[in-house]
Each structure stands twice: as C-alpha cells, then as structure tokens.
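As structure tokens, here come the structures.
Next, two complexes with chain A in common: one pairs it with chain B, the other with chain C.
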Partner chain A sequence: MEPTPDVLRDLHRRMVRIRLFEEAAGKLAEAAKLPGFLHLYVGEEAVAAGVCVNLTNADSITSTHRGHGHLVAKGGQFRPMMAELMGKATGYCNGKGGSMHISSLELGMLGANGIVGAGSPIAVGAAFTHKYRDDGNVAVAFFGDGATNIGAFHEAANMACALKLPIVFACENNEYGEFTRRDATMAITDIVDRAQGYGMPGVIVDGMDAVAVCEAAAEAIAYARAGHGPTLVEAKTYRFYNHHGVQNLGLKYRPDSEVEVWKQRDPIFTLEAKLADVGVLTTEQCEAVWVELRADIADAIAFAEDSPLPNKDQILEDVYTPMAVAQ
Partner chain B sequence: MGTVGIITNPAAGKDIRRLVAHASPTSDAAKMGVVSRAVMGAIDGGATRILVAPDRHNLSTRAVQGLDLDTGRSVVIEVLDEPAHGWSGDTIAMASRLAKEGADTVIVLGGDGTQRDVAKGWLDVALVAISTGTNNVFPRSVDATLAGLAAGLVAAGVVELSQVSHRAKVAHVRFDDGSNDDLALVDLVLMDGQFTGSRAVWDPRSLRALIACIAEPATVGLSSIAGLLHPVDRRSPGGVHVIFGGAHESGVVRAPLAPGLFFDVLYSSVMALDEGSPIVLTGPGVLSFDGERDRVLASGAVATAEIRADGPYVIDVDATIAAAASTNHFHHTVGIPARGIEE
Partner chain C sequence: MSQPTSDERTLSYVMAFNEAVRQSMRADENVFCAGEDIGAFGGVFGTFGGLQKEFGSRRVVDTPISEQAIIGLGVGSSVTGLRPIVDLMFMDFMCVALDQIVNQTAKLKYMFGGKATLPLTITTAGGAGLSAAAQHSQSLEAILCHIPGLKVVYPSNPYDMKGLMVSCIRENNPTVMVKHKRLLGMSGPVPEDIYSVPLGVANILRPGTDVTVVSWGRMANESLAAAAVLADEGIDCEVIDPRTLQPFDTATVVASARKTNRIIVVHEAVRFGGLGAEIAAQVQEEAFDYLDAPVARIGAPFSPVPFSPALEKYYVPDAASIAVGIRDVLGRRAPGK
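Take a look at the complex of A and B:
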C-alpha cells in the first residue's frame, strides 16, 4: 500500500537526481562535450525511481539505451557517471562504456544496453543466479514498448516463467520505438496483454505517478521475493525529449501538442504538489533538494572535465577474465 | 428506427488487482470480441443506427470494421468524431456526446468505474452494462450477444424501456470547497491515506466509512461488507452506512474485498441509510468511488453524500429478451419469409 514519508522523500530525491543529471548531460551534449548518442530519461523518472526505491544493491537490474535514469535510481553517483559519459578513466567503466554501456556491478546495475531488447535475457540470467543461490534477491528488467517486439524479449519472458524466476519485467511504454509510433509496429496497445501468453500476471500503472509506480513495483517485487515468479508491470509514460538528443518540439514524428499534454503531467512537479499538500515536503524543502543536487552536478562536471582519458594500455582491460597460464 | 451507442473502456480489467488479488486479465482482443458480439446483437435486436464511441486503443472501431454486416438489415454504423485521450474523461465525454446524438440505449463495456463515468456524462442514460472490469457489482456478467440484443430490442421499441429497466441508485457527493460534484453507483468509501496511488483498494485496515448504494451479499468488493451485514439490493430504496475503526468496534465480517481475497473486516456500526439522507465525511483521507481511490480529502475538508434513485435506467437483459419472446418477436410461421430475407 501507500509508501511511508521516508520512502516518499527518497522517491522525490531520486527523481530530482535523474532530472538534473539528464538536463546537465543534455547541455554538455549540445556543447559537443559528450561523445556519441545521448538518450535522455527526462519525463520517465517516476518509473526508475518508483521501482528502484524498492530494491537494494544486492538486487539486479538491466537497463536500456536510455539507461542513465536507471543507474541514478539504483544509487549511481554523479562523479563516476558524468566521467563515464565523457569517456574519462574515472568513470564507472573507466570511460570505455559511455552513455549506452554504463554499468556498476557493485550497485547491481548490470548495464545500459545499446541493443533494443538485449537487457531482458541478462536480467533472466541474474534472476536465475538469485534463485540458484537462494539469496532472496530479485532482478528487474527495464525495457521499452519497442523491445517487446524483439525475439530476445519473448525468449527471456518465456524462460523466466518456465523456471519461475524472481524477476519483474518493468516495461516503460512511452508510445514510441525510436521514431515510430507504437501502433505502427504492433496490433495491441497494452504491452501487458502479452503477459498472459507467458503465464505471468501483468498490471498497468500510471508511469507519470511515482506513488502509483512505487506501490505496484513494491507488490511485484514482493511477489518475486516470495518465490511466486515473474510479473510484468507496464508503466504508461513519455519521453519529453527526442529519441536521442535534447530537441523536444518541432519534430515530425510526433505532434507538439501531444508532447505538451504529457508535459502537463510532469512526474516530479505533480509529486511535489502532492507532497506539499500532505505535508511530507514543503515547497521550500523541495527547492532545497534541487539546490543541493545542482551543486553536486556542478561538482561532477568539474570532476569529469578534470579527469584523464583512459590510456591505450587500458584498452583490453576488463575485456577478458584474468586466467592463470599453464606452465 | 433505433439508435444504440457503444462505449468501451480500454483500461478496464488491467489494474494491480491482477497482482495483489486473483483477478483475471481482460485483454484488448477479448474486449474487441465483446464489442463485435454486442453490435451484432444490437443489429439483430432492431437497431438501425449504431454510434461507436472511439477509445484510445481503437478497440470499438477496429471491432466494427471487421464485422460482416450482410445480415439483411439496414443499419448505419457511425464512429463519433470525438477525441479519445486515454483517460477516464474520455468515457464521460463520450456519454455526453451520445446523449446529444439521441442514442436510445447505450451498451457500456467496463467495470464499476466505467459505468460510473458514463453516469457522470449522462445521468439518466438507458444502458446495458457489460462487465469487462475486475470485481464488478454494477455490470452483471452477461454474454455480449444477449446484452447487445437487449439494447437493440429496447432501442427499436420492440420492448418498452419502463417494463424492463430499473432506475439505478446514485450516491451524490458534494464538496464544501466548491469543487465539482461527484457520484458513485455502488459504493463510496473514506479511507486512510494521502494518495490515490495505484487506485484499487484492497487493504481492510485503511477503511473508515462506507456508503453503499448496492449492498448485495453475493458480490465481490468493498460493497460486499455492507451486503453481508445488512443487505439492500439495487432495486430497493436507500442504502447502507458502515463505520470502521474507532474505539467501538462491534464486530467482524469476513468479506471478499477483491477477487479471491477474503479479509476479516472490523467495523463499529452498520446503519440503514434512507434515500436523501445526507452523510458527512471529513478528511484527512482518500475517497474511493466504486472501488477506486480517486480523490484526496485534505484535513478538515468535508464531503457530503446522499443516495437518490435518479441514476441510469439499467436494462435487464433477461427480462428484455423474455418480453420480446413472449410477443413471438423471434418466431415466424413456416411459409412466411423470415425477417431479413428479401421476398
């Protein structure tokens, strides 16, 4: 049921951290200070935060090409994240992963993933490990609506259900696969309709309402921890910026009016209004969180800019498992 | 002439109760099948005009596109040019529009929450309610073929509406802060909490007060508490007022609050509620309408509810078809061309 005031404040902080990190990354990309593509999570914060606030570092998640939000929500620190996006040696992956392959095994974040749909089988592997070790932990696979059209997703969902693994399939249905409307690529509207086909419960939740996501995720995660098996939670959400980059209006593939309607339901501002109404955080306290975290972002950018690039001797580091060579 | 409207809620039957309870999912494909059967039934009942309310998933429009309408009947199927955004306001707007379009009867696919939205858009609509939601009290489980048939028979004037319908009771709710009035068709509940969250209600410890328009023993959901303690069926005037918690708990009732989910519910009092008698609910808390948390009531905020039988005309499917059969409506003597076949 309803999250406690402490969880609500935690939820809010995680969402603001994601928003600030993404806005900062967007500005750096516009200034050509970040290499490669940048897929921003702005607008979808309630999903990553609402799910991850129910997890510990020992639980595993897999992410997508739009992956910074998941790492921030799982406890990712700004300094090594920003350094990673800049390709610096002090980053989470020593600067060799970048935006689309950022990961932190210590935090149980098994990686962003440049291939649509490729994260789910990895999460199934993690869930198998948790079950095999009987460690009480769970895996969460984050993926978008488009990923459910990919074969890897079907294999992952099928195997997870067949083996009754402790996993939550968390679908961020933002209505677009890259630049293509969902209804151009599938005959169904709700991804949750697919859950039945594998034999798992599926529920829809308002992905712009952090409290609703948190509540549903808490139930799904408890279900997995209790050994009941996989579930599919479909969060209806929306990305405020473009598929990649920071442009949000004036694009051909979706009408500006649609973007504006969704932006009226900004998940952070709506949560802040509710928290103020019920006295969990005043408007001033919310603002103080933004101010504090903006300073952290500025620090992380300076840290990343001052950090060295990895040197060429490090290219093969972390590629092969070290092995003893037979004499 | 007979005009039948059809409204489909694409979101019904997919909420968290598939996880926290044992509710079955209702897929879009299943709902499209319901729409198809209902429309074919309505046409066979004599409807000459079908008004299809669009929905965000295009379930109704896709369903009617696939129909074989070579039934020998003259029928026009129109899709209303009303935008569907994907929220509950859609259902309210579609119901209002169907009123303006002069629909004789309306078929509504959804749960208690959907039927409530229809009543918000058109309070005295003549409707056939088909359950595609979760724990439904207002709409009955009925095959869509027969539900559509009944809607068509009434719309075409084969059967008189007044003979086969009853006026639904409504819990009318007004707020002291001047915000818009609201209503419930089954139950209105004040519960502890500060958020509407995932909307469904399944925790008996959070309940503070229940006002039930329909209090029937053989139902699932919050209203079953009232139904098991003090039955007042949907056709009888008034309702039931149950108060929970406090220092004077007087009993425990075991009730199914969600599909497959039974709880011992502590209550302090149960009272019959006369029609028109106001009940005051005071915040803080969350108001649940027909099983969904829908409005946060701030500390000290007041909502006043009263039950009146001025809601939709609910068409009894069994009675309608039986009435038509009793006049030999479906029967033709051999030698006389059957209806629908050109001479």
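Take a look at the complex of A and C:
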C-alpha cells in the first residue's frame, strides 16, 4: 500500500533525525568527546525509519550494537540520547549503558545490545506478552546479516513460528559483519532463504528505498497484528562508515569504490527526490527540516555537555529492584 | 620476572601472543586458529595479524559469528587429533558458548573414562577500563576456574604472554588464555626463540617482607605500582603473580604468607565469589597461625561494569585504591593523614 503524504513526511523526518544524530555522534567521537564504542547507522536509515513508521510506542522493538537509529526511529529524544552517549546522569540509562545499551522502555525500545543475536529471543518474549494480553501490538527484532549465524537467532525464529507470535524479524543485510564479508561466513546470498526453514514468509526489500521498506514492513506488521505469525524481512543495505567510529581502521576490508557505489544510493536523498517528484515536499521544504533538526541536535549536545555526571554512589544502584516494604 | 638487559629484544603483549602462535604453527602442522575476524583482518585487537598471510586460510580460519560452533570446532577437532586455537573476541562472549565450554570441553575426557584428549586452547580478551560497558568488560575467570577439566592462564606482561601461550598450545588439556585488553600495547623483553613458561607456576614479581600481594593480569601491574608508592613509605610488598589461575600455585602463595604474615588478593573481577575468596580460604587453611591480620581482598563492587567513565574509574581497582587496601592490612594510614 502506497504510504500517505503524511507518512512520507514522517519517514523523511525520522531519517533526517537519525542521520543528524549519527553525524553529530561521529564528530564528537572523533573529537574524543564520547567514551567507548560507537557503531553508527549512517546509510541504513531507511530500514529503521521504514519499519518504525508503522509502529506505535506500545509496539516493542529489540535492537543491536548499532542501535541509535532504531531508538531515534522509535521516537527517541536527542537530549537523553546524547547524554547517554556521554555517560551523563541525564541519559536514557543514567549513564550506565552508553551507546551499546541505549534503551527506552517507554518508547517500546528494549535496548541496543552488545551481544550479537541476543535481541531476537528478547523480541520473542515481547511478542509473547503482546499475544498473551491480546493487545494487538507487535514486536520487531532488528538484527544484522552476521547475527543470523548465531544460535540465538535460529532458536528465536523457530520458537516465534512454533508459537505463532506477532513478530517481524527485520534483517539489515549490509554485507559485512565487522571486517569480514558476509559471503565468507555463510553459503547463501539471501538471508530470507532462512525463513522457509522455520515456516514463515520471507521478503527481500531494497533497504536504500524507504518507501519500499515502509510498504514491506507495513504488510508484515499487519500480518502479525492479524494473528498470522512472524515474517522475515530482509533489507539490503549498507553502512557508510566503519564498523565502529567513522573512519576505516587503516586496514582495508572493503574497497572504496564499493562504498562510493552505495553512497550514490543515499536513502535520504533518494527519498527527497521522490518527495519532490510527487509534490509532497519541495527541496526547500526538505532543507527546512534539516535546519530545524540541526538546531535540536545543537540543543541536545549543549544539554548533554552541561549535564552532571553520575555519582560514584550510583554504582551499586539499579542492580536489583527493591521489593516494596511490607505494610 | 626477567629484567630487560640492553641487548634484549622488546615486544608488545599483543605481539608476544602473535609470535607464540606463529612459532607454534611453524613447529606443529596440527596447530590451527579459528575465530571471528582473525583471518584477513588479523583480529580486532591485532592478535592474529599476518598469520593468515603466512599460513593461509586452511590454518587461519575466519568463522561466522557463532561462538558455540567456534568452541565446538575446537572440541571436535582436538578430540580427533588436531591442536586448535579458537578465539572468542571478548571474554563476555564465552557466555554464549558456555555449554560447549563447561559441559563439553571440560568434561569430555572424564566422561569418556579418560580416553579422549583435548589439546585445545581457547583465547579471549577480558577486563574493564575502556567504557566498553557491561557486556564487553567483564572478568569472568572465576567461572572458568570453577570448572574441573579446564586450565586458565592470565598473563600480566609480554614475557609471560609468549611463554604461557606456548605452554597452552603444547598442553594436552583444554586451556583458556585470557588477555587483558588494556595490556595489549604493553612492551617488555621477549626472547626471539620459542620458549615456554610452565603452567601452574607463580612468579614473584617483586620480593618483599611486609605484606604479600597476589594479583594477575592488569591488576598485577597496578599492584606493582602501588608497591612502588608504598616503598617510599617504608612498606616492603611482595607481589606475586600466579600467572596460571587453574591449577593454582598455592604453595608459593602460602610460603609468602608465612613469611610476611599479611596477605591481600587484588583482582578486577567482582569481589563476591571472586578468586580472592578461594585464595583467602586456602591461605587460612594452610597458614592460619602465621597471619597477623585477616586475609584482605580487593575487587570490583557487586554490580555490572558501568559505562560512564565517571563510574567506571571507581569501579576498577587501581594503584591508589590498592595502596589504601595494603595500608589497611598493615594498620597504617596514608602519609599526612
């Protein structure tokens, strides 16, 4: 189903928000202002946005080490995100999680994850809750091509199909796991080939085309909401930056020419061209979105920089949930 | 520890590992390596750099992200005659493969009535201090040492790294070699020829008379730094690095405790249930009458590793906090306090 003009504008906004957040985070990291690892989502925006534009806060998602884009697409606010990346007390996780564990349960974002593949079983659990409560909500598990090589993915896929849970497995196939090509680690080309083995439909979609992702995700999500069970959606996409950080680590593991070819297919510029074509947003109107959101980013960075660090005493807080005191 | 002489070659901790693997592979055709990103890329920490170039992709294998299958590859290939080195990029990821490590690797020989031999080396990288957060920073060596059938080493310097790694590869039992991420660049004397440091033998890094400090990995170096500070206060620390954590060289530690009459264990892992507890128990069993103070322990607080540097810096013990702990064992205050 063709997205409405409102949905198209929403898609665009979500993608620009992701891009700006990630570009800003990359710059901060290069200026040594962000501690720890930073896995950027630049290039893959159409996937998170195209899926999440079909979700509400009551729907659940699980994410990966490359998780900022999923949180932004799910409605994450720049201020607590930036603060979390800086390890500040005002961050989404009070500075305890950082980039790799960023999460917002209020938004239905059940966490970025430092363990490849670990999100999918958790999404199965969330989908179970949705079915158990019959609340009409769904879960989406985001994961990379590399994550489909780990047992957790397979167990999750099988269980979700066996229990016919309302879940979508959204694979971001960017052709690499860290510094190793996908074809060195699996004998298939399309991740969707795995779907059949579990008894769920699988669809391939152009992950650089936000509208295509949005349509495919809408269908899979509707299928799940209607009680028909899981779908595997494979989005063919590409990360423009290094596995972590911005620059390659010196050692070449993918040719510059390959990166350039994919950059020509920048998902945001592709969408903007389409929006202008169909008269939903003019070039000037698109530019206005960037300008507006750039101001939000600047605000978030200032907020994060001015925010207090967590206090030493907080190390031992949050390990356990206190029991309510008996009356 | 052998002191560097002017003509001795120095090498980094990570290259000492690399050289041990390289020389062992040259010496024994049955040795091969497998792990994520270790082939063309040489490993995310550079540990396997250049090995695929020398030995080819038959012997230096890039694996899928499949920790269970990586350990299983080691189990199955070792029990059928090869001598595998299988790598888990981060120590935290051993949890993904715990069945293969705990129920298979460690137990096969015993369950088969002794008929199986598993000359398998699992290599991994542990330790905090890089804001890598709760799933990329853990020190889980106590879990491994709790499993009969495994041997565990945790070198604190390049010399021991090379020698222990050679021993692990030559060992006819499953071994786990833990590298500390923050020691990778540490440089020190490393002989060019292949040599081994025996498993199960502690090293007295610094002889002393007033108090025994037992620590390994990066904490051994922090303990040495604390000892240097305390020397100026007239406190003479004996710093012992067990180097191998399983089997544990209790004799060396107990002999030292009997000599100094005071002992403190320092580790990066959480204090509760850490190896410090085991060492304290052994020392009180064998040197109770010699002790002038309870066996002390320094370790991390009982929480996951926090991301924020503002929290992590208090979470990980360092020379300053170790010095405080040592003074406590001696009933001493910091100068000027």
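Heads up, the rule we're going with is that the second predicted complex is superposed on the first by the 319 of 327 C-alpha atoms of A that agree within 3 Å, B and C clash if a C-alpha of one lies under 4 Å from a C-alpha of the other, contacts with A are read in each partner's own complex, and residues count from 1 in each chain.
To be clear about the criterion, a contact is a pair of C-beta atoms (placed from the backbone, for glycine too) under 8 Å apart; a residue touches a chain by one contact, two chains touch by 3 or more.
These numbers come from a predicted model, not from an experiment.
Enquirer: Superposed on chain A, are chain B and chain C clashing or fitting side by side?
Expert: Chain B/chain C on chain A - fit side by side.
Enquirer: Which partner does A:Val319 reach: the first (chain B), the second (chain C), both, or neither?
Expert: second
Enquirer: Check whether A:Pro35 is in contact with chain B, with chain C, with both or with neither, and answer first, second, both or neither.
Expert: So A:Pro35 only meets chain C here.
Enquirer: Between chain B (first) and chain C (second), which does A:Gly98 come into contact with in this model arrangement: first, second, both, or neither?
Expert: After superposition on chain A, A:Gly98 lies in contact with chain C alone.
Enquirer: Could you tell me if A:Phe269 is touching chain B, chain C, both of them or neither one (first, second, both, neither)?
Expert: neither
Enquirer: Residues of chain A touched: more by chain B or chain C?
Expert: Between chain B and chain C, the winner on chain A residue contacts is C.
Enquirer: Can A:Ile115 be said to touch chain B (first), chain C (second), both, or neither?
Expert: Second partner only.
Enquirer: Between chain B and chain C, report the minimum C-alpha distance in the superposition, expressed in whole angstrom.
Expert: When the complexes share the chain A frame, the smallest chain B-chain C C-alpha distance is 18 Å.
Enquirer: Show me the chain A residues, by the header's touch rule, that chain B contacts in one structure and chain C contacts in the other.
Expert: Looking at chain A, the two contact sets are disjoint.
Enquirer: Per the contact definition, I'd like the list of chain A residues that touch chain B in the complex.
Expert: 1-2, 183, 188-190, 192-193, 195-196, 201-206, 209, 211-212, 215-216, 219-220, 223, 231, 236, 261, 274, 277-278, 280
Enquirer: Quick one: in the complex, what on chain A touches chain C?
Expert: The contact residues of chain A facing chain C are 35-37, 87-88, 93, 95-98, 100-101, 113-117, 146-147, 149-152, 177-180, 184-186, 251, 253, 309-310, 312, 314-316, 318-319.
Enquirer: Within the complex, which stretch of chain C touches chain A?
Expert: 36-37, 39-42, 44, 62-69, 92-93, 95-96, 130-136, 301-304, 306-311, 314-315
Enquirer: Taking the complex as given, what residues does chain B use to touch chain A?
Expert: Residues 10-11, 14-20, 25, 27-29, 56-58, 85-86, 193-199, 203, 206, 284, 296, 298 of chain B touch chain A in their complex.
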